[in-house]
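This is the structure I want to talk about, given as structure tokens.
Per-chain residue numbering starts at 1, and chain names A, B, C, D, E and F are given in the order in which the chains are listed.
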Amino acid sequence: MKRGTAPSALRVVVSACAIVGALVLGGTTPALAQEASRGDTAWVLTATALVLFMTLPGLALFYGGLVRAQNVLSVLMQCAAIACLASLVWLALGYSLAFSSGGALDPLIGGLSKAFLAGVGPDSLTGTLPEPVFFMFQATFAIITPALIVGAFPERVSFATVLLFTALWLVLVYAPVCHWVWGGGWLAGLGAIDFAGGLVVHATAGTSALVFARLLGPRQGFPNELSPPHNPGLTMMGAAMLWVGWFGFNAGSALAADGLAGRAMLVTHISASTASLTWMAIEWSRYGKPSLVGLVTGTIAGLATITPAAGSVGPLGAVIIGAAAAVVCFEGVKIVKNRLRIDDSLDVFAVHGVGGILGTLLLPLLAGLGPLAPGLPEGRSVFGQLGVQAIGVVGVVIWSVVVSALILLAIRAVSRLRAPADAETEGLDLAVHGERGYTL
Amino acid sequence: MKYVIAIIKPHRLEPVREALSRLGIEGMTVTEVKGFGRQRGHKEIYRGAEYTVNFLPKVKIEIALDAALLEQAIDSIVSAANTGQIGDGKIFVLDLEDALRIRTSERGTSAL
Amino acid sequence: MKRGTAPSALRVVVSACAIVGALVLGGTTPALAQEASRGDTAWVLTATALVLFMTLPGLALFYGGLVRAQNVLSVLMQCAAIACLASLVWLALGYSLAFSSGGALDPLIGGLSKAFLAGVGPDSLTGTLPEPVFFMFQATFAIITPALIVGAFPERVSFATVLLFTALWLVLVYAPVCHWVWGGGWLAGLGAIDFAGGLVVHATAGTSALVFARLLGPRQGFPNELSPPHNPGLTMMGAAMLWVGWFGFNAGSALAADGLAGRAMLVTHISASTASLTWMAIEWSRYGKPSLVGLVTGTIAGLATITPAAGSVGPLGAVIIGAAAAVVCFEGVKIVKNRLRIDDSLDVFAVHGVGGILGTLLLPLLAGLGPLAPGLPEGRSVFGQLGVQAIGVVGVVIWSVVVSALILLAIRAVSRLRAPADAETEGLDLAVHGERGYTL
Amino acid sequence: MKRGTAPSALRVVVSACAIVGALVLGGTTPALAQEASRGDTAWVLTATALVLFMTLPGLALFYGGLVRAQNVLSVLMQCAAIACLASLVWLALGYSLAFSSGGALDPLIGGLSKAFLAGVGPDSLTGTLPEPVFFMFQATFAIITPALIVGAFPERVSFATVLLFTALWLVLVYAPVCHWVWGGGWLAGLGAIDFAGGLVVHATAGTSALVFARLLGPRQGFPNELSPPHNPGLTMMGAAMLWVGWFGFNAGSALAADGLAGRAMLVTHISASTASLTWMAIEWSRYGKPSLVGLVTGTIAGLATITPAAGSVGPLGAVIIGAAAAVVCFEGVKIVKNRLRIDDSLDVFAVHGVGGILGTLLLPLLAGLGPLAPGLPEGRSVFGQLGVQAIGVVGVVIWSVVVSALILLAIRAVSRLRAPADAETEGLDLAVHGERGYTL
Amino acid sequence: MKYVIAIIKPHRLEPVREALSRLGIEGMTVTEVKGFGRQRGHKEIYRGAEYTVNFLPKVKIEIALDAALLEQAIDSIVSAANTGQIGDGKIFVLDLEDALRIRTSERGTSAL
Amino acid sequence: MKYVIAIIKPHRLEPVREALSRLGIEGMTVTEVKGFGRQRGHKEIYRGAEYTVNFLPKVKIEIALDAALLEQAIDSIVSAANTGQIGDGKIFVLDLEDALRIRTSERGTSAL
């Protein structure tokens, strides 16, 4: 979100009183005096469509291709149902908690004054955008973030649990963290930079996914007798849609059709390209075979990792971020599976969690590097900013892990996390949804 | 009459079919199957995790034929399917008691 | 279309002389004095791409996944061929009949002065848009509307009949109705509100589909021995693309990148989300299994139903419209199949026809509800508007049903509606198009 | 690219000293005095996403559906890897070679002053666009052009060769030709018109593909024992995405959200529609069966052929171009396969090469035809322009053929062009990438 | 006991199943197969190039049954599968030595 | 030699394969089939309309083996495939007259 780095935000002094300061200066108060820009509005409307496209069908296909054929529909269903549910929760509570003022609690959480868009009029603006446009753009972020977690629990989760978890998680994890970083909360006050959601989206989803996978337990047959991805072509298709949609995600986060948006798109693209090729090269040299699933996993790692930094680095920084994303996430995957032995089935933590955090921390180091690099906001030092970023990471990770665990323990107390073992054996498509993926 | 079941490598199907057709055997029924045997399956690696695929794709050919043609047919199959490598497959011979052509209800060898 | 509700249209007095009035005031005359807006143009160019995407490949996949594997290509082919044919008919006749002045006949139909875009110059504007941009945006509507009807006749129709019907239907049903509502015809004169095509698109296609299915007769094996959808994943993919594309359809119908577009996108999204979850809940409670095909059918119902009202309601109205869409269309599906015993194979009438009509009628009741709701245009009463909307529904339905039936009877007189029974048994892919869907 | 036809370019006198002239006048110098337009920027950002979508996943799916099931992943992989690699090469060298000044060599090639975007600042503009936006838009062209060539070599090529060829080809063929036409080189100086890449994209890729296929040799079983397309539905999906994306390709090449963009979109759409139906009609009359693969091949032929002319013709011209595209490319396919007996497997030359050249040559003849036709730039005669276009064709074809052949001979000297015969028999998916496309 | 293998046209599966079920034969195992025989495959044309598909999709039904039911079963299959056109398929009869129901370990005809 | 055909539930394939392999039987050929029997198929409901799926997915295993191993093999299959529920499947035993390894042309039991 451009707002975290906008000039007005820069004025916020990084100091002990940052939290209080944030309350007062309100780094994100929409500039009400401004007029709506048709060009900016056109771009953010487009970006909204692109980000919805990331989840529906992008992410759904990306994940759907990786599971057994008997579970493909259940994965698509989970993604679609989460998207719908998240939209309604966002309307009822999420947007207001994230983007309205929380009064005395504002450093921690917004208020309920904008629930159901109360008080938003036809001429309300956020920056140069009509507020419904900003609402919708943000809604698509609130959709994809919980949908990312699907990768942790496919092929064995209870469907009801997915819905319940999503609703609670959105209110208790996503909305607060979103408020902290983009809604004028304590991290905004500290000056943490997260352009398009390295912390807000990827770190929250990634770490929560790890917790979910751990509490849920592994799939039958993990780790040695699993079926290979049933349709890597679907996965590639989904990855391509994620890539295209990410142009909306990152360049849309400029909230304007300007040079910042252009540069954000550029570095996003370069990071994705570099990470894809790097992941391919690693596989090629280690296993002798560069795989499509590997290449596109690299793509997503590169995209997740550049996300927080898309407003702060130039193309050279993007090359480094992309290469680092592939190397680190590749190791991350192996560590989670082989060392931690957690069945985070589609590697949400290793790709999104690790990527989002990595990008958040690399940002200050690479902000000034090479042509077109904007550098850090005036008055920030590399290591000062690194400290702030690290505080952001720690705060967001702890909150996500603890609250996600509490939500799941609560659900487990009253219901079940897993589908019945029989349903798992038969495949969730037929057992839970009464459908079969392919009748050829 | 005999009922011959041959398990062969998929890409040898065409040559086998041609070889049999040179003997005048045009009719056969083919199924895609998974073979387990001495030839080992392969491993696939996705994101660093190994997936073992124990079976190998094979093709099963079923041919009902006159006992008189049996040895010739076996020879044809062997020479067309043989690549000299492990996993080339097997031929099984069963006795066939009766055969019938649905269209005409002809029975016996004239039904083949 | 914003134009139906634009200030200039509002000035049209709802009166006995409405039809004459429309002729004189020409509610849709492009405001020639205005300048083109680059922002509006950018958005409507984008929206055009999005609406084309709805048909190609969105709708094609949505339908393609629901038929037998032996017919999947025939459905894709029908959608693609219709898109191409409709485009040429739109250029040659449709656009002019819909959007040029019809002289004395103007309440009923436009003229031919703009056939092949005659007289449209490089600087012609429609509102703030270069006229070619408006032409293309509208062309994508003229593509998807006949393509929707494909759902009525798959797996048994004669391909030549599809083409012939499409060409005639576009000229005789779509273009006139489009003119009535958006081109300054008698319904515009009466003040009927149809923001993005509840009447023009969904009611015309839905009711014509029912007629087509009835005259064509059912598929072999209807209703008890049909094959289940061969690839629900394709259907979900298509539904997702329709959803994303619908942002262009509804928010593009504002013909500007402004707050109206933003709100239209917002209510579209909320209605789709609500309808999806409601349909899922109905299935879950009735059959014990929430299905993916069900959820995405709800999505489409929610989208079709909000379409006429996307410019007139706020988010709360959208929630109600979405919920109503799912409940009513769900029953509609059962009534058509079980009561009427018509093999409207992919439920075009029950989803699009019923949805479009429902939304058209709910609009006046919900226009003022909750935050961000614009209410009805000044001077309109809820029940007065309801009456106008009802007149619109009746007029459009009668016209669509009668003219579609006449077209089909005419075709049947000279040719055949159905593919040969053998072709139906074997599957249209191989029999008619000489191709097979899957050679795995 | 609008720039080739922009007023400033028109001033360039077509004369013997054209090449020298181009050096001096620099027909394509960005108008630095201008301000960025938010509307134009919004549209070109969108168009960039659309053009990336053409390759990922559009083209990949289009090609992937046409090969054997055992090779589908290898095709997707080739497209994805090419996209990534081309992006990095474009950043490092390509953009600068194409769009910076080459000093004394400028008629032939740009310089290296913009390698890695050196010297491009936050406020650099290209026309009304921030330069990073222009860079990214052009990057997507540099991605799809080499990816088109994939259709020449699938099912048998060595993967390493694909990568090596792509990198060299982009620098040695694409970048120079791009500079000649859009970067102020000798063809721009002569006044050649190539709106969106008939020469730069389609002629280069198409003729290079033919050379590649020839030097590589045919697939096992060519021409009589090949497997039919394994999944024509994928191919249709890809074609639909290409169509939608082409709106960005052609209308985006206006580099503005204006009437020119609108008209370019319109004629693109009409040409695609006409060509699709024409191809369908040819098949129907010759073989008795209109096929989906045929129809969508027509679509792509129509799109490729209108590409150079999208800024120069009206809708009537587009109808003629579309019809010609289908007729000529249909014959082209047969000639390459049956007469030349070259296994240009997915008909890159016959569709893209022939189409791009055909459109380039038809352009002057149709520029003035019918309503909305802009005609040729002032001062150009039909036959004068035809001559210039022909020179462009000859120059580009010779360069592409010769340099591509040299690259391939060089690679063959040090390595191999083909995958091992065993890998070809088994399928590249498993043999080269260690994956299988479908585990149903 | 006999082991009957019938190769039929795919769309005759349902009628055959019903006919057998009228005889009290409910159990059978069905496989999708590719048939080669006198009935010729078809050609598909893509972009002007011909692709010959030699085989035809057929369905193979395997039925283990009591020898006493054999002739009745054959008659049922023939009448339900016969369309009078070439390619209607074949019935093959093999001798079945033993049968066993896995659930109960019953053997012989009571296992069927 | 005997030719054993076992129809089992798909998810029992791995256990059966392992049990046989403990007997030294490594070779077998597996086909995905549709089973009809006492176990009923299921219904799927799409948009309120019921679709009856009569068959159940099963796996067919074919094993050629030395007659001496027959009873042991049957026991292994039964114990690995038995879940005690209807639909566990069948084992059919046919006589096998001859077997041949394509690679080496060995015949008889040494070809297995």
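Please note the rule applied: a residue touches a chain if its C-beta (ideal position, glycine included) is under 8 Å from a C-beta of that chain, and two chains touch if they have at least 3 such contacts.
Keep in mind the model is a prediction, meaning the values are calculated, not measured.
Peer 1: Shared touching chains for chain C and chain E?
Peer 2: D, F
Peer 1: Hey, which one of B-D, C-E or D-E is the same interface as A-B, over half the contact pairs lining up?
Peer 2: D-E
Peer 1: Tell me which of B-D and A-D has more C-beta pairs in contact.
Peer 2: Of the two interfaces, B-D and A-D, more C-beta pairs touch across A-D.
Peer 1: Give, as an integer number of Å, the spacing between the C-alpha centres of chain F and chain A.
Peer 2: The computed centroid separation for chain A versus chain F comes out at 47 Å.
Peer 1: Please report how many Å separate the Cα centroid of chain C from that of chain D, as a whole number.
Peer 2: Whole-Å distance between the two chain centres: 34.
Peer 1: Hey, how far is the Cα centre of chain B from the one of chain E, in Å?
Peer 2: 18
Peer 1: With chain centres defined as C-alpha means, what is the inter-centre distance between chain A and chain E in Å?
Peer 2: 54
Peer 1: Using the touch rule from the top of the page, what residues of chain F touch 2 or more other chains?
Peer 2: Within chain F, the residues that touch at least two other chains are 31, 44-46, 94-95.
Peer 1: Do you know which chain C residues sit against two or more other chains?
Peer 2: 37-40, 42-43, 46, 227-229, 257, 287, 289, 291, 293, 434-436, 438, 440 - these are the residues of chain C that touch more than one other chain.
Peer 1: For this structure, enumerate the chain pairs that meet the touch criterion.
Peer 2: According to the stated criterion, the contacting chain pairs are A-B, A-C, A-D, A-F, B-D, B-E, B-F, C-D, C-E, C-F, D-E, E-F.
Peer 1: Quick one: in the complex, what on chain C touches chain E?
Peer 2: 225, 425-426, 430, 434-436
Peer 1: Can you list the chain C residues touching chain A in their complex?
Peer 2: My answer: residues 37-40, 42-43, 46, 50, 68-69, 227-233, 236-237, 240-241, 243-244, 247-248, 251, 256-263, 265-266, 269-270, 272-274, 276-277, 280, 287, 289-293, 295-296, 299, 314-316, 319, 370-372, 374, 438, 440.
Peer 1: State the interface residues of chain E toward chain B in the complex, per the touch definition above.
Peer 2: Its residues touching chain B are 2, 5-8, 31-38, 54-55, 58, 60, 74, 77-78, 81-95.
Peer 1: Enumerate the contact residues on chain F facing chain B in the complex.
Peer 2: 3, 17, 26-31, 62, 64, 94-103, 105, 111-112
Peer 1: Enumerate the contact residues on chain A facing chain C in the complex.
Peer 2: 36-43, 45-46, 48-49, 52-53, 56-57, 60-61, 64, 72-73, 76-77, 80-81, 83-85, 87-88, 91, 116-123, 129-133, 135-136, 139, 159, 234, 257, 432-440
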